[in-house]
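I have placed the structure first, in the form of structure tokens, so that the comments after it can refer back to it.
Letters A, B, C and D mark the chains as written, and numbering starts fresh at 1 in each.
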Amino acid sequence: MTPTLMFGLELAYWQETIIKVLLGLVALLLLTGGVVYLYLFKFVSFMQSRLGPMEAGPYGSLQLLAEVGKWLQKEDIATEKADRFVFRLAPAIVLASTFVLFAVIPAGPTAVVSDLGTGIYFVLAMSSLSVLGILMAGWASANKYALLGALRAAGQLIAYELPLVLAVVGVVIAAGSLNLQDIVAAQASGEIFGWDGIGNPFILTQIVGFTIFMIAVQAELTQSPFDMPIAESELVAGYQVEYSGIRFLIYFIAEFATAVAFAAIASTLFLGGWALPTAWGLGDGVMHVVGPIVISAKAVLLVGVVFWVRFTLPRFREDQLQTLAWKFLIPISLANIVATGVLKVVF
Amino acid sequence: MTAVTDRQKLQYIAAKAADSRVNVELETEGMTLNIGPQHPATHGTLRIVARLDGEQVVSAEPIAGYMHRGKEKLCEVRTYPQINTLINRIDWLGSFANEVPFILAAEQLMGIEAPPRAQWIRTMFFEMSRISNLILFLGDMGVQLGAVTPAFYAFRDREFVLNQIERVTGGRFHPNFDRIGGLKDDLPKGWIVDTKAVMERVRDFCDEIEELFMNAEIFSARTRGIGVIPADVAMQYGLSGANARASGIDWDLRRDAPSGLVHPELDWKVWTHPDGDSFARFWVRLQEVREASKMVDQICDGLPSGPIMAKVPRIIKVPAGEAWVSTENPLGEMGYYIVSKGDLTPFRLKIRSASFNNVSITPWLLRGVYVPDIITILASLYFILGDIDR
Amino acid sequence: MAKPQVPGIVKGLGITLKTAVETMFPDGPLKPPAPSKGAATVQYPHEKEEPAPRARGVIALKEDNCTACMLCARECPDWCIYIEAHKTLAPPRREGGKPRSVNALDRFDIDFSLCMYCGICVEVCPFEALFWSPEFEYSEVKIQDLLHDKSRLDQWMHTVPDFEPLEAGSEVKVKKVPR
Amino acid sequence: MADDTTTAPEATEEEPVETDEAREQLLASFTEALGDSLVDSHILPGKDLWVRVSTEAWGEAAEVARDRLRARYFCFLSAIDWMPSPFGRSMDSEVDRIVSGDAAQAAEAAAMEQGVAGGETRFQVFARVAHVGEPGNFWGVTLKADVPEDTLAVPTWTKVYAGADWHEREAWEMFGISFTGHPGLRHIYLPGDFEGNPLRKDFPLLSRMVKPWPGIVDVEQFPDEGDDAEGEGSADSEGDAS
């Protein structure tokens, strides 16, 4: 394999991948930590006319550190009748399915861990991996509440895979490729009726796809209108009920990392990803630095929308949730695909 | 196959048994789920044993008694002022409203009438404890359905009402302010002006909650048509207060059987709703908070001057006899049946609390509903554990 | 399930956003954000909220008014007031008069771990020796320390506020706190 | 009997004899429906109406109240134990015992007289139902019945008022009165293995027995009056240090 040039160093492929994976992990954890602090601690508190944590660090900034420390020193117990092996493995799978998503999300012209030809297809496949982790958790912890939560999660996540996938098909038709870099490029260089001032972010032409995607993301993250699996007022903590200590911390990280991951994917697909419109004439050199900042900003914005909806709306009941998915989201996304296809051919 | 030692065999059998036990439990025709006694949806320690078939409830039965303090036995060895402190711990959210029927029953036995100013202030605090009680319900209904934010708005605006009560009585939850023959003290200076401002804030809160919930599709999808109680079943089980009015029963003790308060002199409206489902109960209580805030305003304007306490002997010995007085408490009809033999303590005190009857309908009501609906119905019935267990 | 029209859900979202903006920019969006002013909460150890003057925080005892008549101990529903006293000879009021026999207080303890703050003792005391003070920061590590003896109850007397003037139209005489 | 839409009892408190026509009519319709099983009754003009029926007619009284008089609202059902409590308030201070001597104790077992509308037996079951008509037309009645000493059993109301189920379970648990025909008499408040019926007057209130009453102390006599030994020795006011 020809050594690739990175930061002016001669690196073999495996060294380059390790560096990219490490950089990706650091970026992901920093972003997740920032999002948790910004939204879960501060923005939600302002919405509820209170201040949120103020004690740990200036303005409560080290609160997440305190939480992580608290969870780490907590005892990691499993119930006596729990199926030990499956019980311990479950959080790992949920976390794995999240970290794997970041392998494909581009953050700059070359800043992507592995630029797969079928990028978006890989993302959708990996995102459905977390269902397995949740089912294992619910089933193995031998707790009726966990069981109820896991079965609800299974029903819900599978029901919302379809709208998620179908919403993306519209974008793929518009961009003409499955590769995320191409999708980003298509949006950066496209123009709307001849004016390419802001490129052609697919949110404008795919507004239906975007809303369905965001609703499906809300359901994938089991956030409020769809938080049946972790219904605090019914199942107390759903499938996480028997977890404590570091395993609960893994679930916590997984939950917010998935939120950031899906927000990043949504901004790549609909808001133009890391690229600024080519018309602004920023060369590749600049984009190496500006790219990650742009995608982070867009992702943080979309996570804000997810949290805003989460802390305002009551939750659907199980059957209403399924009706919404099967009877409304899927037909509408199919219609959207047909419309995009027809318009693609006409224009 | 290597020689399988006994220990391995035992382990293998044990593992299989563990699996089968788990499977056996799942494949049985139903699962018994214990909701409570420690559970966020029960306002206190109520345990609901629900036999489930999948997500649907085959039969559900609430088990009360985790907070039974034996109030009726305690009251038999306490003098009347001491009982006053006990009974405002029954429905601890609207606690001044607990004291009023007991004091009115004792006054009826003693033939004493509180001076007009005391009656007006008593009615004002009666309505203010209704406001502080039902504001928490409006916020809490959201939490039970999953929207976390309304509860914070409820607690934020409820603090102002509690501060006003504390400025006069000294206690936020347990005012202990009502006396046989009148009240313990009078209002401090400048209190009425602040109360009218607080009532303004209460009405803003009601509009905010209405906007948050009333036309939101998810809320009506989760509450309309859930837990429908027809009027005659409500009467049979003795449902009272907003639960009865939500099933179309036009009955309010403040208007139909005024006992010692000044509600007839105020102009206010009794709200009813024909559906009898969870949405109706929420809606009726929302209107009741608005009516109560208007009433407090009218009382603030028309408060007569005069003494606060009638002539009452220092040592209170209630003459022999029996008396029953019930008033329209925030949770429903609360009444006291005092049997007195003429000495310091009552001979028998029957406390009729609203939530006991309101919750006794749940075995009939919770048949065939989904698990999330159990929580919605319980939240809409709005009981307080102290009220059930006494 | 009705097709989700926009207004209902969006209006709800609007309210939460409005509250967030109100908390962050309490005095208008142009001014710099001052959330601590906009929020409804008080950061307790740093900022302290002033309790109402009539708040029932702790019971204060004016020792020399107390004549050990035992009324409060008898009327207390929780049986949490313990009194011991003995008779002594006090100097006569007018010189040459007979020395008066007066009750001297040995022990006057209130067990605040049992007390339910009903205020019957303060009300029933005929000699105005017991008062309410809105002081509330006296929590203890060990529950035995909640048994306040008479010297500590006497200290609380300094925190007892004067009785407030009453609303117009009330005919109750405003009492004075013996300092 | 046509349902007599009685007007709300206006509390006309004219002094001599306050006739309260509304409740007179009610009582008349009760006596006419129940005949001789209506044993006794009492009207507090303008305030309330008590009706006592014989034990056998207890179930039937419920039907009459609900169907004939349209009192469909079930308020509550409970019981009273008329035996004066042998324990008193266990708050007898030293001085009372000295002054009134032990005679006070003897008075405890005084005659047991029932309250309003009389009665013979120690236990009485009483319930309250109400008629909720159109606004303004609301009246309630308290029904009472004696509980026979031997069987301690009374017919159940659950067939007529479904809400009586919990109330009867509570009365059974607290007084030991069983309700014939009740679907399932089991504990509602008390733990399963609880013996005894707490609300009976002869059930001691333990919380007051355990701790000596702090109000029992008295001011010590003059310590320096008699000789010191006697003063210290006889000081009976041993204020307990809790």
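Basically, a contact is a pair of C-beta atoms (placed from the backbone, for glycine too) under 8 Å apart; a residue touches a chain by one contact, two chains touch by 3 or more.
On a predicted model such as this, the values are computed, not experimentally measured, just so you know.
Using CA-based centroids throughout, the chain positioned farthest away from chain D is A. Here the CA centre of chain B is 25 Å from the CA centre of chain D.
Inter-chain spacing, taken between the CA centroids of chain B and chain C, is 27 Å. Centroids built from CA atoms put chain B at 43 Å from chain A.
Each chain gets a centre from the mean of its Cα atoms; for chain A and chain C, those two points are 52 Å apart. Of all residues in chain C, those that touch two or more other chains are 1, 4, 9, 12, 15-16, 19, 40, 75.
Chain contacts: chain A has residues 47-50, 311-313, 320 touching two or more partner chains. Counting only residues that touch two or more partner chains, chain B has 78, 147, 149, 153, 156, 212, 216, 218, 221.
In this structure, the chains touch in the following pairs: A-B, A-C, B-C, B-D, C-D.
Contacts from chain B toward chain C in the complex involve residues 78-79, 81-82, 84-86, 117, 147, 149, 153, 156, 159, 163, 166-171, 174, 176, 184-192, 208, 211-213, 215-218, 220-221, 303-308. Note for the complex: chain C touches chain A at residues 1, 3-4, 9, 12-13, 15-17, 19-20, 22-24, 35-36, 38-41, 43. Chain contact summary for the complex, chain B toward chain A: residues 18, 21-22, 26, 31, 33, 39-41, 55, 142-149, 152-153, 156, 212, 216, 218-219, 221-222, 370-375. Interface of chain B with chain D (complex): residues 64-65, 68, 70, 72-74, 76-78, 108, 232-233, 235-238, 249-251, 253, 255-257, 270, 320-324, 326, 333, 335, 337, 339, 341, 344-345, 347-348, 350, 352, 356-357, 360-361, 364, 389.
On the side of chain C, the complex with chain B involves touching residues 1-2, 4-5, 7-9, 11-12, 14-16, 19, 40, 51-56, 75, 77, 116-120, 123, 132, 164-172.
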